[in-house]
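This structure is in structure tokens; I'll ask about it shortly.
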Amino acid sequence: MIRRTIRFFDERLHASRFVRSSLDKVFPDHYAFLFGEIALYCFIVLLGTGVFLTFFFNASSTEVTYHGAYHPLVGATVSDAFRSTLDLSFSVRAGLVMRQVHHWAALVFIAAIVVHLCRVFFSGAFRKPRELNWMIGVTMLILAIFNGFAGYSLPDDLLSGTGLRIAFSIAESIPLVGTWIAFMLFGGEYPSHRIIGRLFALHTIIVPALLVGLISVHLAMVWRQKHTQFPGDGHTEDTVEGPKLWPTYAMKSLGLFFAVAAVLCLLGGLFQINPIWLYGPYHAFQVSSPAQPDWYMGWLEGALRLMPPWEIRAFGFEIPNPFFPAVLLAGGTFLGLYLWPFLEARVTGDRGEHHLLGRLRDHPFRTALGAATLSFYSVLFFAASNDLVAKWLKVPVSDITNAFRVAVFAVPALVFGVTHRLLRSLARSGAPRFSEMPRQALRKGFRPVGSAPES
Amino acid sequence: MSTEESLPQRPPPQPELQPEPQPPSPTRAIALSFAVSLAASIALCVVYIFGGQPQLEGLLLFFGLGGVAAGLIQWGGKLLPQGPYVQQRHELTSGEQSQEATTDTLEEGLATLDRRRLLVRLLGGAIVGLGAALVFPVRSLGERPGGSLFRTPWRRGSRVVDEHDKPVRPEDLPVGTVLTVFPEGNSGAADAQTLLIRLGHGDYRPRPGREDWAVDDVVAFSKVCPHAGCPVGLYEPDTHRLYCPCHQSVFDVLDAAEPKSGPATRPLPQLPLAVDGEGYLVARSDYHEPIGPGFWNRDR
Amino acid sequence: MKALKAALAAPAVAAVLAVAACTNHPGPYHPSVPPQAASPAATPNGDVGRVLYLRDCAWCHGGSAEGTPRAPDLRQAPRGSADVDFVLRTRRMPLRKPEDPMRRGAATTVYSAADRAAIVGYLRTLTGTGPEIPAVGAEPSAGLSHGAELYFANCAACHSSTGIGGTLSATPKGAEAGAPESFVPPVTSSSRIEVAEAIRVGPGTMPLFGPETLSEDDVTAIAAYVQYLRSPADPGGLATGHIGPVSEGAVGWIIGLGLLVAVSRWIGTRSGEEPPPVGPNEPEEAEAMKART
């Protein structure tokens, strides 16, 4: 049976040797190399659950009177998008679980991308020949964040609608073309009746299609270039070691897919997420607090909250306040990410091909800078909940905000210094790991006693 | 102890007679995983047939999928060869010769562009023309901003109504109250949303020229935050502060809604009020400046 | 420098002692003195109210509710019966110390309904102005949605859509840093009458809403929706505090990604780790694979 299938395709596509070499392909199976797969499988869950949701959701801003199964809102005036989401949640069997799994999958998807990005960054896997793949990855991160925002804005509830208003204002703040961009994107002055439909097209067709394409190129490049490996254990630059794709790696990877789906379903059934019936339908003159976006937008929201009231006004023109923390910061962030492999190559002068990953201690500046950058965005992220922090600590929110303003500079500086010192000391001491490093190594002028340390 | 000497010593076990330590068979664990999964899936069918219940659905899906996951992972990790197998990496570069040959091939094909300069220029012009033509469908995506950001539906004489179209008299509003209002006929309009606030007697401290903008200590300010456009929904009568929940901007109502804290850089625009012949509140005019967040040419 | 410090220290010490003297003064009512039982029911209500008022409230609010430096004049509009009833019903008053902020449940005494009515009645004779205790029906006339819509429009901005309360701008004058008036209390402990009173009275730093803005029917509807918010529909599972994306993000990272990273550790190898040997029961598979490499 299998032989006949193989013959069928080989006689038409000359595929036999390719299939065999693929089956025999070796993949390193360090656990840290699985983070990208977690993201990939989250995406597949998103596609599956998303298709189901599109069969029920109605992306329309037309106002209707709600007459569904959620009793407290019967008789209320809501948009049809809101109504259809309520029906999905209360009247469609398994609809609520599908919706919740979809939303949890989005949160975990982007979390997995970030963890994967950190692994690639800190291990130096973005170096030649993998710069292109790095840039594709950054693009997918941007698309995923955008798609998440678009997705949770679809139900047109009071919380996400507030976020759409902020998005319009951010677009508006771009110099010269901001108002045009905002009006083009939204289809008119805020709140246009077109935005939900547009977000739906972007969220369900355009961005997923782009992601599928980019994921395919991303994986194809990994396939072609072969995966990187950590040094040690006899690994070399010229070889790759591990189990074979067939049957071992394929089976374990399939198992990971089921595990991802299992965890997302556990969250989707046990933990309520985005209960829009409690938030209420969106009206542009209403708002609720606390008002935060989903976690992956938190760094932008925190930046908006921490930014002091500065703006530029000259000759009758202005660059309004939100431009700096939202547009410049976001643009700078992603530009920095895109350019990093080339910047590092230029600064270090290292333009060689690398298939062995670096140890953290061999790249103390990159690691320290990466850690500091992570801490910078983490401070911004936590700053987005400054009003909740104020409530929990019983401290006025203005004091919390000022503390975060200090922290956003102080914490990265501290993290950089500590990380750099620790790694340099570790490298100098020659100890195999931190726990075996002598305390004295932390002192600046330390030189190890006895023979030169193994590199 | 004396018992040690009296009890016969058991001879030490012979090495050959010791049983071989058997590692536990993973097969049983894998089989159990799959069985758990099957049971969960059946239970899930039952739950679904009886109308469904989200927590049960999620939990049973977890065991259904997780059972398969656990089984496959153990199967792959314990029953199949782990290697490590070693494969050679191939040189990624094809070599200078190959790169030269490819460059030559490409350039030969492109040479026609060098030879036919005029045609290339005309082609360029045609493409630019097509590009210009394509802009128009893109342009259909939205209206031009024009003056819409500079105006709201408020006009001279617009009656002040709440969101249910009910007009408002100043005496309806007790001291310390706040009400969201709109111009009659545009109830719910996003850019027209306005806050009516009744201040205490004598609390109104108008800017020069705004002395008659309040009626009986009732003042009106735009509800749209000049920072990022959120409705400034929190009013604190004790301190006469308006507080925006999005990014914590604070506006002092007694100081013409100047921002006192947070990222907002401009005060909330004030709507001039009057009463009409029947005692209802009306606007004297539209706002005297654009409401809402800033944009490039706002000050023109 | 030392002389300056000494010069400042003396009046500071004196001020502290003076404040201590005032606050620790065992006035007509002091926390260490147990509350006395009210007079027997035969006495007219006005007397019970007067007795309780003088015992528990007069020291701060004055013998005739005229106010003192410690507490405001209760005779001024818009204070009325609804105010008094609200602060007593929600156990915000009497305060332990005059400078304490009002907080639900922090009062030193809990009054029975009869005693509360007596105090309210007595104060009515002194003040005579301000909103009466509002009448609030048990069921709104037309389902919960009218109340829901009014709640989203008027209440959600401060009290949150889910009723968990929120944060205010900064410390109001007269409250200490971190005092509850910097924060909006949740509404999920409020009874219908308390909701109605709060709407009419605007306790603390809350705005108030007159009958022309929110009619009696409107207030009844909002009160009914607030009752619903005490145990709202959470069909999706654990609500993680009804806070929203912040707690959801925490769950997604800690539980979601945490579990999956743990699974990755289980599946994959670590540096320096030998791959696990294939079990002795399965030599055939291993041999078959090895033969083909």
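Labels for the chains are A, B and C, by order of writing; each one numbers its residues from 1.
Heads up, the rule we're going with is that a residue touches a chain if its C-beta (ideal position, glycine included) is under 8 Å from a C-beta of that chain, and two chains touch if they have at least 3 such contacts.
Computed from a predicted structure; not experimentally measured.
Q: Using the stated contact rule, I'd like to know whether A-C or B-C comes out ahead in C-beta pair count.
A: Higher C-beta contact count between the two pairs: A-C.
Q: Of all the chains shown, whose C-alpha centre falls nearest the centre of every protein C-alpha atom combined?
A: B
Q: Need the CA-centroid distance for the pair chain A / chain B, whole Å please.
A: 13
Q: Could you tell me the distance, in whole angstrom, between the mean C-alpha positions of chain A and chain C?
A: The mean C-alpha positions of chain A and chain C differ by 37 Å.
Q: Return the distance between the CA-based centres of chain B and chain C, expressed in whole Å.
A: 29
Q: Would you pick out the residues of chain C that each touch at least 2 other chains?
A: Each of 153, 156-158, 166, 168-170, 235-237, 263, 267, 275, 289, 293 in chain C touches at least two other chains.
Q: Would you mind listing the residues of chain B that make contact with two or more other chains?
A: 54-55, 58, 69, 73, 76-77, 80-85, 163, 180, 231, 233-234, 245, 248, 261
Q: So which bits of chain A are touching at least two other chains?
A: Within chain A, residues 96, 100, 243-244, 252, 255-256, 259, 263, 267, 269-270, 283, 285-290, 387, 397-398 contact more than one other chain.
Q: In the complex of these two chains, what residues of chain C are touching chain B?
A: Answer in residue numbers: 78, 153, 156-158, 166, 168-170, 172-173, 181, 184, 202, 204-210, 212-213, 235-237, 263, 266-267, 275-282, 285-286, 289-290, 293.
Q: Given the complex with chain C, which residues does chain A contribute to the contact?
A: Touching chain C: residues 29-35, 38, 66, 70-77, 89-90, 96, 100, 104, 107-108, 111-112, 115, 158-159, 230, 232-233, 243-244, 252, 255-256, 259-260, 263-264, 267, 269-275, 277-281, 283, 285-290, 292-295, 298, 384-385, 387-388, 390-391, 393-399 of chain A.
Q: Quick one: in the complex, what on chain C touches chain A?
A: Residues 142-146, 148-149, 152-153, 156-158, 160-162, 165-171, 177-178, 182-183, 225, 228, 232-240, 242-246, 248-249, 251-253, 255-257, 259-261, 263-265, 267-272, 275, 289, 293.
Q: Which residues of chain B touch chain A in their complex?
A: Checking each residue of chain B against chain A gives 48, 51-52, 54-59, 61-66, 68-73, 75-77, 80-89, 92, 138-139, 141-145, 148-149, 163, 180, 182, 188, 190-191, 193, 223, 227-231, 233-234, 245-249, 259, 261-265, 292-300.
Q: For the complex, which residues does chain B have touching chain C?
A: 22-23, 25-27, 54-55, 58, 69, 73, 76-85, 162-163, 168-169, 172-180, 231, 233-239, 241, 243, 245, 248, 250, 261
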